[in-house]
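Some notes on the structure that comes next.
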Amino acid sequence: MKDNKFEPKILGIFCNWCTYLAADLAGVSRMDYPSNIRIVRTMCSGRVDPQFVLWGFKNGADGILIGGCHPGDCHYIEGNYKTLRRYLILKRILREMGINEKRLRLEWISASEGEKLQRVVREFTEEIRNLGPISEDRAFKLQLAEHKK
Amino acid sequence: MDKIKGNGEIRVGVYICHCGTNIAGRVNIKEVVEFASKLPYVVVSREYKYMCSDPGQELIKNDIKELKLNRIVVASCSPHLHEHTFRKACEDAGLNPFNFQMANIREHVSWVTKESKEATEKAKAMVRAAVYRVVFHESLERKSQEINPNVLVIGGGIAGISASLVVADSGKKVYLVEREPSIGGHMAKFDKTFPTLDCASCILTPKMTQVKDHPNIELFTYSEIEEVDGYVGNFKVKIRKRARYVDVEKCVGCYACIEACVYKEGKFPDEFNEGLSKRKPIYIPFPQAVPLAAVIDPATCIQFLSGKCKRSCQQACERGAIDFDMRDEIVEVQVGAIIVATGFKTFDPSRIPQYGYGRYQNVYKSIEIERLVNSSGPTGGEVILRDGRKPQSVGIIHCVGSRDKNYNIWCSRVCCMYSLKLAHLIKERTHAEVYCFYIDMRTPGKGYEEFYHKLMEEGVHFIRGKVAEVTDWAITPEEEGKLVIRVEDTLIGVVRRIPVDMVVLAVGLEPQPDADEIRRLLNISCSKEGWFLERHPKLAPVSTFTDGVFIAGACQGPKDIPDTVAQAEAAAAEALSLIDRKKIELEPNTAWIDEEKCSGCHICIGLCPYSAISYNEERKIAVINEALCKGCGVCVAACPSKAAQQRLFLDDQIYAEIEGALL
Amino acid sequence: MAEKAKVAFYWCASCGGCEEAVVDLAEDILQVVDKAEIVFWPVAMDFKREDVESLKDEEILVTFINGAVRTSEQEEMVRLLRKKSKILIAFGSCAYTGGVPGLANSYSREEILSFYYKDGDTVFNPDNKRPTPHFIEGNFAFEIPEFYERVYAVDQVVDVDYYIPGCAPTRKVVKNSIDALFSSQIPPKGSVLGASSRSLCSECPLNETKPEKIYLKSFKRIDKSQPESDKCLLIQGYPCLGPVTRGGCEALCVKANYPCTGCFGPVDGVKDYGAKAISFLSSIIDSIDEKEIEKIIDEGLSNPLAIVYRYSLPKSLIFDTKIKKNGG
Amino acid sequence: MRENRKYFYYPGCSLKGTSLAYEKSLLAVFKYLGFEAPELPDWNCCGATSYMSIDEMSAFSLAVRNLAIAEKEKRDIVAPCSACYMVLNKAKKYVEEYEGVKDVIFKGLEKIGLKEHFKGDVKVRHPLDIFINEIGIENIKAKIKRKLNGVRVFSYYGCLLVRPFTDFDNPRYPTMLDNLVSATGAETIESALKTKCCGGSLTGTLENVGLRLSYLILKEAKRKGAHLIVTVCPLCQFNLEAYQDRMEKIFHDKLGIPVIFFTQILGVAFEIDGKELGFNHSLIYPDILYQKALV
Amino acid sequence: MEHKITIDPITRLEGHGKIEIFLDEKGNVEKAFLVVPELRGFEIFVKGKPAEDMPIITPRICGVCPTAHHMASTKALDDLYKTQPPSPAKKLREMLYNMFMLEDHALHVYVLGGPDFIVGPKAKKSERNVLGVIQKVGLEVGKKVISMRREIRELMTLLAGKVIHPAWGVPGGVTRGIKKDEKENFVKVAEKGVEFALFTLKVFKDIVLSNKEYVDLILSDAYTHRTYYMGLVDENKKLNFYDGKIRVVDPDGKEYALFDVRNYRDHIAEHVENWTYIKFPFLKKVGWKGFVDGKDSGVYSVAPLARLNACDGISTPKAQEAYEEFYKNLGGKPVHHTLANHWARVVEMIYAAERFLELAKDPEITSDNIRKIPTETPTVGIGVVEAPRGTLIHHYETNEKGYITKANLIVATQNNSARISMSIDKAARNLIKEGKYDEGILNMIEMAFRAYDPCHACGTHSLPGNIPVLINIRNKDGKIIETIKNFE
């Protein structure tokens, strides 16, 4: 990838009915966006267990983007609201642990919003690029402190 | 990656698809194949031009047989496109289809990545994710479900009518639901249809009668969808039959009640005539209405307003069809498939104040002109201004509300053609000078361009330019008393002021204002403009992402009558082919409870949107009714003791996939 | 005297509660003494490190380690004991999941030292002294171990065979574990001994007071409210961690009308106790409005980490990493 | 969140000079309606006029200083002059949207110690907006003592008020002024010219062009039988009123149409004394408003 | 040549401690140090946590006296939320607290420190343990001790959730009261407790006080330090473990200070050394003069002896008797002999038991009025109790929502850390001469040390019966040239 610039690893966990399809649409419409994002699919964003997010960070994700249907549009009626609740608490946990909460982002992107997907992925990738590698976050510094010696 | 236990020997085959140049053009396939071959448990890693082609599938089948593969990964397009194709291939080769995982390296990689190097890296990651995941896959049984053979059609315009007839003719039961008192939709309002200029009612009316008489069609007019429950093959639909205060069965459409109404003549704007004429509180929408039955508008009927009416209408009706105590009624029907044909609405031109609609009485909407030129319309087909004068000059402004980012960005597709039609009819009826103001003439379609030429020969003036404003501000004496159309004529490059007697605004098409409610009821998606979204613009134009729900006509996007009918019959065919399968197999991605783990903490129970989870008092644990489970996994994510789990989306599978993806 | 099984005890960063727990075996402790010969118990007996080193590898049958690892000395001892023991057991929350001292992982070593020896309210340290490993003053050379940047659970330092949960493990749990160890068939490696395989609700006397479905409009804090007795604390709005916490403690705290604080850790299969805890807590919040949800969290759970990671921060996925050999 | 906001009145140069009548009538009407808007302390030029075309940054800096002063007191701004209204809003928008502009401006604000007070929270509003959306037509109707029935009014908006930054009215065919005027009982005239350029900006440089534009508007008013023109903009008011004699000569047409501020006609309906309303500054006195017939 | 003696491990204060003894050229003690090699940082990591969680978190500082931390913390919350528990709740707390003091002291007397005297300092080490005690006083007694402790701890569990670590205290009260039908059992155990405590005093007198040798030992200079003494006293300046004002008496026994714990910062400061993680509290106004005793040195002492020195008597009759007898025999107040702690501890046992009984009988004890729910906005809260091992202070500050912004703790044993070091130093000097060490020194140093019953001096002593001590004598190169140990 682009040299001498930090290229973050980004994990996308997208719901099958909206955001994953938006990504398909972006593809069909050839809307290019940074290749940093790796997309994993769940049926509903409500399936996203906060453990997945921590697991993602632990496995080297510098940023994680959760994508679900717009409020009221959930294919499963209100799975996305549960996602929202978990997300709001999870951000606080990250903050306390010493991980920049900006590294986790929740977006409502419907099946028709290819552009929005493109825009969000671009923004998010840039934002994370500016934040730098997650290993620089306090939590990981502490975690790896003994290893560094 | 985590050790896996008790899964026996794992043998993974990986297949990378070129998709012609779609993938190969961006992704270095060789490199990815090479990379995949080194991943854990991978026995073979191949590439092929088109994996979805027969030879491509054969490749997989043979390897399964010869190399004893028990896990398959195909890296190609979106699973929404071909997951089912490849699962089938596995099945044919005797491998349980759920030991398959797809990596989306086209929509999510080659098509959205500029740099080949980056694309290749990303493709590797996606493949690794799929391999890591598939290792944790296990054989699953599909549950299959009876399909209810009935079909629901929402919307009684030309689309709904055509679809209903096709389905009904095949011997299947159809429930046709129309919100207005009569079916027919917009088309019923037209006089002629372009380009052939054959009479709209002559071709529509017979179809409407067929619907009425068809033994397999149950018609619900003046009705709306209240609630849709269930899923493909087994929808439960609640229909609200709004009270029309006239019993359709008894009414013969003799107009006696209407004549008897205490209002001597019409007093309220007639919806069907776009308010160009007046109707009484009790009325029949139009002469060819189906059903041909009166309806009472409670908003204007004295009986409903004051309760003190002579009810002369009631007395006038020999068949006693009128019933003021009629109430809305909810009917529940069960269907296997749903066709949505809810149509469009026309753009409201008063949103563009500089065109003067609503301020200048001689500025009309095109749909109003449709009524004016219609022989059964308010003026019996005569084109006259509100003050009774015949216009000597008429300006038709195209693209009103269309192709304009201030209003609607899209082209409404029909305006150019219907403007031409109206130009022709107006000229024919009034011999007035007709000016068409257009941005571009768009006449794609059989005989359309020819029609355009015909009009030019007829001497209609075509001025290329977007109209700036319509004003009564007269500068010169000859402008006095007229409407002046200010426009830059881009062909001669000057700003022109053209005084006319009548201005026709060729308004565009918009999604129905309540399209969003329908969308939510049916769990389908809309494009951001609000048109219903098809599953695939080319390959699945009438399907939606919700199995068993199909779309037809202008609710999917602006289109003319020929296209609408074509699409409607296509939707009907899709619905029929679904129904004739008799059974459908459900994705086995349901959740279940591990009884050894569940502590009966009750957390999951309230979270299930389908009430599929309940508490078992004896065993003191939660249990999931898998027939009701739709597989969202919300309970799984919430379960504090990992007792709730979801097939095809086990924690371990997702952990592995995440780990793999973060290459 | 017949060959008794050799047993060793060692403590790291812990409070001594775990030793107390052993003493609380009271009469039962004598059984243990019959079965086992204690070869190392710094608290109790002075076999020195050299003595342990002189043992054959795996000569010790079982070593019980309580407390988390925070200093170089603790790390070295744990490694040594691992080498000398057939079975190594992480005893109690600190050894198992890092425990309360593990909460320090959201702060740096420097923050701790400077408060303790500099900024603390009562500290009087004009010449700015600081405990220093390998400190030499005149001809006095002192050896104090290095204080690590973070806290490690024992299995982040060495391989652990079994875990005994609890802060501290209750008498019953300790007894069950010991029985399990000396029983005919040894439980599979990695098992958690002595406790239940289900979460606490399964043995909680108040579980039956729950309604079918649980939704919460708010989280209560016990500082300004008093829990009703004999009614599930969760449905009262207290973030009781029973649902996500391994049972086996007989719901002692709940019986004292106090919400479960989660000292027994997660049940099998849960990778991250805290994450799972917030997942279930947030799921039952009864609101779909972002502002309202934020408000609910602010009022009852504004520092969720403090609640859900009381005993397991070092084992949170983020911190769950093995220390490099001789990390210090 | 913004409930019961307080306001500052930002006069700008016009209301202190050529358009004293506007200031007098505005303040009189505010007073009558019990609407409080003290003058913005230590205000400076809004940055309109030549500044905007010569050195945009300086113009923005001038504008934003005023905004910052207001925001410091947690008050919004009422700007009666269309030019001020437009420029203040424009400056705010640019600072919001363009980092570049923001940086420069904030450096400036820092120097004068206003930086920390300015978050862009302040709103710039036109009295017309205030009358319609804060005080409300109904309340105004209720306070009217003298119905102006029979007066035909051409309510003229000018080019600056409604575009491009206005959110309280339709930029292409505004109607709020008409609604307000008709509240007095006067009859308003539909005209496509209500937002056409008054020629003001040209009269100084290309007199014949400028005057022609002004003339077209006056002519339209006359043609539609308006007794007088009511406007919201000091520049329009001045241009349409001051040069009528010259236009009469050039276009051989009899004009003499009074051009007054909307606050003046409101004042009349409220029976506020003519002096307080600044009619003594009128070049063409709107007798019609005081004809007995109306009473 | 320089010698370094390492005695490791002694016992645990926040981890285990070790003693470093440095010898000069002649082989005489140049200096002996107590080194505490561990630290956990509670004050820092409780930051941001909800205040009401402190009674849960802070007991994890010490699993031997969790109840002390739990109670100090809970009282700090009362202060923080500006509320006072209703009288029944206050009584419940004080009862639980005295139950705890009783069983904890019992543990020390019979299992930790006791053997030194009951079996005898010169007795074979193999006998100097609980089993030896049992031989000497009879199996019955041994059983009694064990079961007494168990019964009390079971009742504590019933009331406060867990005995290690309690989950019970909340600002303005407690979460659980005593049900009517449970009361009787408390009274029964309490009566046993009193009887047991008196019995213990008898045993102590029979065996220790009747033995001149022991008494001399207690009175010997090796174990004497003239320091200040600190303890909690009630409004009548009588001994109290749960509540009251902090009183400090000077080496002459005169009241030096009597203050509300809220002002502890005016009186207590902590000295820091480079060679140990523990801090050394001292009397701020007197000042830190190093590890020396006397009126001019801020070094002070806490725990049983200090408490008796610091109070003017005891409110319960039998304990008061014992108290008077104690001073009569030891030559009046104040007593400076470290080993007198053992006797003082027995006196305190009687008080704890009597108080336990009083409260168990109290009609209010079964009331369900156990909580006054706070309404005030929390700001600063400071709480104190007398832990078995001394004055224990918890100090929290929070934001208006009750989340900790600052915490400061003065842990019981810490108060003694300076005097303990001095004792060790003195013992070492007295007992190591010209590089000669007799095995006895190990025992002596042990006794000096154990007398304080340093926090975490764990019950686990009961198995081997003594604190094992080993001395390595190394030369410059760290080579061991001689080793002495007190076990086979």
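The letters A, B, C, D and E name the chains in turn, as written, and every chain counts its residues from 1.
Here is the rule we go by: a residue touches a chain if its C-beta (ideal position, glycine included) is under 8 Å from a C-beta of that chain, and two chains touch if they have at least 3 such contacts.
Just so we're clear, the structure is a prediction, and the values are computed from it rather than from any experiment.
Common neighbours of chain D and chain E under the contact rule above are absent.
Comparing the centres of all chains, each the average of its CA atoms, the largest separation from chain B belongs to E.
Counting contacting C-beta pairs between every two chains, the top pair is C-E. Centroid distances from chain A, each centroid being the mean of CA atoms, peak for E. Closest to the protein's overall CA centre, chain by chain, comes A.
Per-chain CA centroids place chain C at a distance of 25 Å from chain E. Averaged C-alpha coordinates give centres for chain A and chain E that are 53 Å from one another.
In this assembly, the C-alpha centroid of chain B lies 48 Å from the C-alpha centroid of chain D. Chain A and chain B have Cα centroids lying 31 Å from one another. Each of residues 49, 51, 55, 78, 82, 86, 96 in chain A touches at least two other chains. Taken residue by residue, chain C touches two or more other chains at 106, 270-271, 276, 279, 283, 302-303, 306, whereas all remaining positions touch fewer. Under the contact rule defined at the top, the touching pairs of chains are A-B, A-C, B-C, B-D, C-E.
Those residues of chain E that touch chain C in the complex are listed here as 2, 4, 8-9, 11-12, 15-16, 20, 22, 31, 33, 35, 37-41, 43-53, 56-57, 59-64, 66, 77, 81, 146-147, 149-150, 153, 157-168, 170-171, 173, 175-176, 264-265, 268-277, 279, 281-282, 284, 288, 371, 373-375, 378, 395, 401-403, 406, 408, 410, 456, 458-464, 467-470, 485-487. Those residues of chain D whose C-beta lies close enough to touch chain B in the complex are 170, 172-173, 190-193, 216, 220, 223. Against chain C, in their complex, chain A makes its touches with residues 49-51, 53-55, 57-58, 71, 78, 81-82, 84-86, 88-90, 92-93, 96-99, 138-140, 142-147, 149.
Per the touch definition, chain C reaches chain E in the complex via residues 9, 11, 13-24, 26-27, 29, 33, 38, 41-48, 70-71, 73, 99-101, 103-104, 106-107, 111-112, 115-117, 120-125, 129-132, 135, 137, 139-142, 144-145, 147, 167-168, 170, 221-227, 229, 249, 252-253, 255-258, 261, 302-303, 306-307, 310. Here chain B touches chain A in the complex through residues 78-80, 104, 106-109, 111-115, 117-119, 121-122, 125-126, 129, 519-520, 523, 525-528, 533, 537, 545-546, 589, 607, 609, 630-634, 636-638, 646, 649, 651, 654-655, 657-659, 661-663, going by the rule given at the top.
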